[in-house]
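Input: a single structure, listed below in structure tokens.
Chain nomenclature is as follows: A, B, C, D, E and F, assigned in order of appearance, with residue numbering initiated at 1 for each chain independently.
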């Protein structure tokens, strides 16, 4: 048996904004991997509501006081996820699996990443039942229409919306 | 950060019979976990074509000469998977994700297992593209109808079918 | 506008056995309809684990002490659901919508029922999130394998399993 | 049994434009509820082809000469649907269920609405088979490309397209 | 350009019993192919309600008086569909596409057939909207429960049910 | 039996850009039809990355040196596909079937086309397994992020990206 090597996983996303579902997945990921890198994609083409810096900051703040069984870091990235995975010597890419429509896109991306980063597995984790139907999109819809998103997102995100929507 | 603990994963199934898709998933699992236990379910209620012993033997033989980056063991079990997971102090249950219909049943089982074994994550892995549409059921259909299953299953399974279908 | 007529809905199923998901749906149905008839299908062809009488009795017991905003009755039936709906002058047939696979079968049945009972709408309700992935089948799997089903089914069902599995 | 209370349902949508599928659903809804409120969402973020006023007017005109078994009203709204439901003391929100992709988004929305408006059920109805595959989007595609949409939409909508596309 | 060759397609199934949906697909197939072979599978493992001979006879009778733009024949077969396709020098295998669950199984079978019969395309056709939700299974359910299946199946099938259910 | 008539099929799309999956489908289509017309839609509303002319040119170049068992032509079109099908006296419209989400949209379009062009069948073909998860969208994502798309698209498309992304 080979010598024990630390297993690193990347959890990529736009995180526009981070939700409690994402946080739940980060926690679940640390049960399995020795090191977890949350990789915030610039996603310029997706026209995110929150700026790249804001998104990185919100997720960093959200997890800063939490304790996880293994190390968690946040990085921003632009370009191909598979390239980042190779560069970081990741064992795996973590993806949350919410629903059927997700499923197909995720398959497509996983196969594409495999072409570039052959040794990096895509690992699908299931969020807690409470967050199975939660998404950044629906959070934005509710917030913009004046609804209460407390309980769906970390406090720092709730504050960010308040500030943004006041303008 | 806590001291490094070996991560064990259980890969359960009826394996009636084991296919190259299963083997591919076992290999992928060993990229992530330090120890992988292939748990062959007795599955008496499913009326398997191959006996419990035969199924265990076929999978054991199939992987006996392969080299994996981490340790792989085969066990048989009857009863609840979640109980086995707790007993074995598993970090995760591995499931292959083939298609949409799988997806829902897997979700259901994963949530049920989580009720019993709170700290055990269900981890979904994607088989190689070549095996995405392969299943034990279709292998049996092809074999019983006189088709060639070489290339779809390990050699030991091909032999087992030949013997069984001669009778 | 026509004179107010009492709206009756039928909630059909095999209920083998009734689960907390079914109970949740009955309750939701009574928020909408003035009278709700739980129609237990004999379903001889499905080889149910519990006898017709047992299934009727379990669901009757389960709801006997509950209070609903409108009247609830339990009946057994054999034959076509659409015929029962016409006979009872039902306004609607209630169906729980759990997942994608359900969805298609339900569509098929709803269209078939519409052919026979033109004025009876099929109304799909969503169970509470906690029960979205619960089914009679998975309850039986867990119980038969010695797992704890408390919290998933009414107490009377738990007792019935205990008795049945002792034999 | 409590005193009979009138059951009101809200049928929300962008209705850009109203199609015969929507009309079919309104009719079906009036078989079940004592009062039905068609709630046209401003949906500014969706960039609708028809203005808010036009959309309200088209649906109002379309149903003005129809007879339904219970009262139907049209209102416009901006903001959260769940807030409107609470304000109107609705028993239910009606949603048409067309296909699998619908299904998931609808689930998500239904759960979100339930958080805010606990006592309001989301009720899914199936349109007539003829309209199962009809959507406002496809109607717009056909009309813009010079196709005939007669038979798919109320006459007033056909006229509106003619006027709009002449410009 | 190569010399024009007659294109033959096989439309396989258990046809237990043939429905109007099947007939609709046969007709559609003859719009495309020069020769269409309806291949009734023995399907012993599926425990069909109607005997192999009966199923072949019902479909033969049903189409005997119809006129199609190209030649239609009925054959029975046991064994692998792909072998039959090769033997008959078929250009294509026709499959009806009803719904999502069909879709996946069909994909699986199509890929399996492609392994054996490389030059035979699997061609998916859509039945008329009226039959999109019709299946042999639901027809049997309705008939066994005393429902009227006229309009769903050819007259010969209705008669066959009458005879069978009298016993 | 009627005199043999040449069967023409239309394979429509935006082809923004053409991928190896499209090429594979064109080839498969020529196994079945006597003449295949690749119809490039202007798709102005979809904001394509490549201009109408470029898209037509890329697909024309890609297939210019290939040999197919029957004739293949490329045309551009604006307007309704069904109108083009009628005008060209097509027997069929070819659509690639990749995944579940495709499936529904395709159904919708197929039914809409059938309303206008009654005698034109929509025929769904399955791409080679290697291309099942390939789409123009994912190709653009990879290319824009600096990834290698060689092996996914014809050489002319790779060159076009290089030129476009240099600007």
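Worth pointing out:
Methods note: contacts are C-beta pairs under 8 Å (C-beta built on N, C-alpha and C of every residue); 3 or more make two chains touch, one makes a residue touch a chain.
Remember, it's a predicted structure, so these values are computed and weren't measured experimentally.
Any chain touching chain C that also touches chain F appears here: A, B, D, E.
Shared contact partners of chain D and chain F, listed by label, are A, E. Matched by residue number, over half of the contacts between the chains of A-F recur in the interface of D-F, chosen from D-F, D-E or B-F. Chain E is reached from chain D by a rotation of 180°, derived from superposing Cα atoms (nearest 5). Averaged C-alpha coordinates give centres for chain C and chain D that are 29 Å from one another. Once the centre of each chain is set as its mean CA position, chain B and chain C turn out to be 35 Å apart. Multi-chain contact residues of chain F, defined as those touching 2 or more other chains: 100-101, 104, 107, 111, 129, 133.
Every pair of chains in contact is given here: A-B, A-C, A-D, A-F, B-C, B-E, B-F, C-D, C-E, D-E, D-F, E-F.
Partner chain F is touched in their complex by these residues of chain E: 1-2, 4, 6-7, 28, 31-34, 69-71, 91-92, 97, 100, 103-104, 107, 110-111, 119, 121-126, 129.
Residues of chain A touching chain D in their complex: 99-101, 133-135, 138, 142, 144-148, 151. If you check the complex, the residues on chain D that touch chain A are 45, 78-80, 82-83, 100-101, 104, 107-109, 111-112, 115-116.
Within the complex formed with chain E, the chain D residues making contact are 100, 129-130, 132-133.
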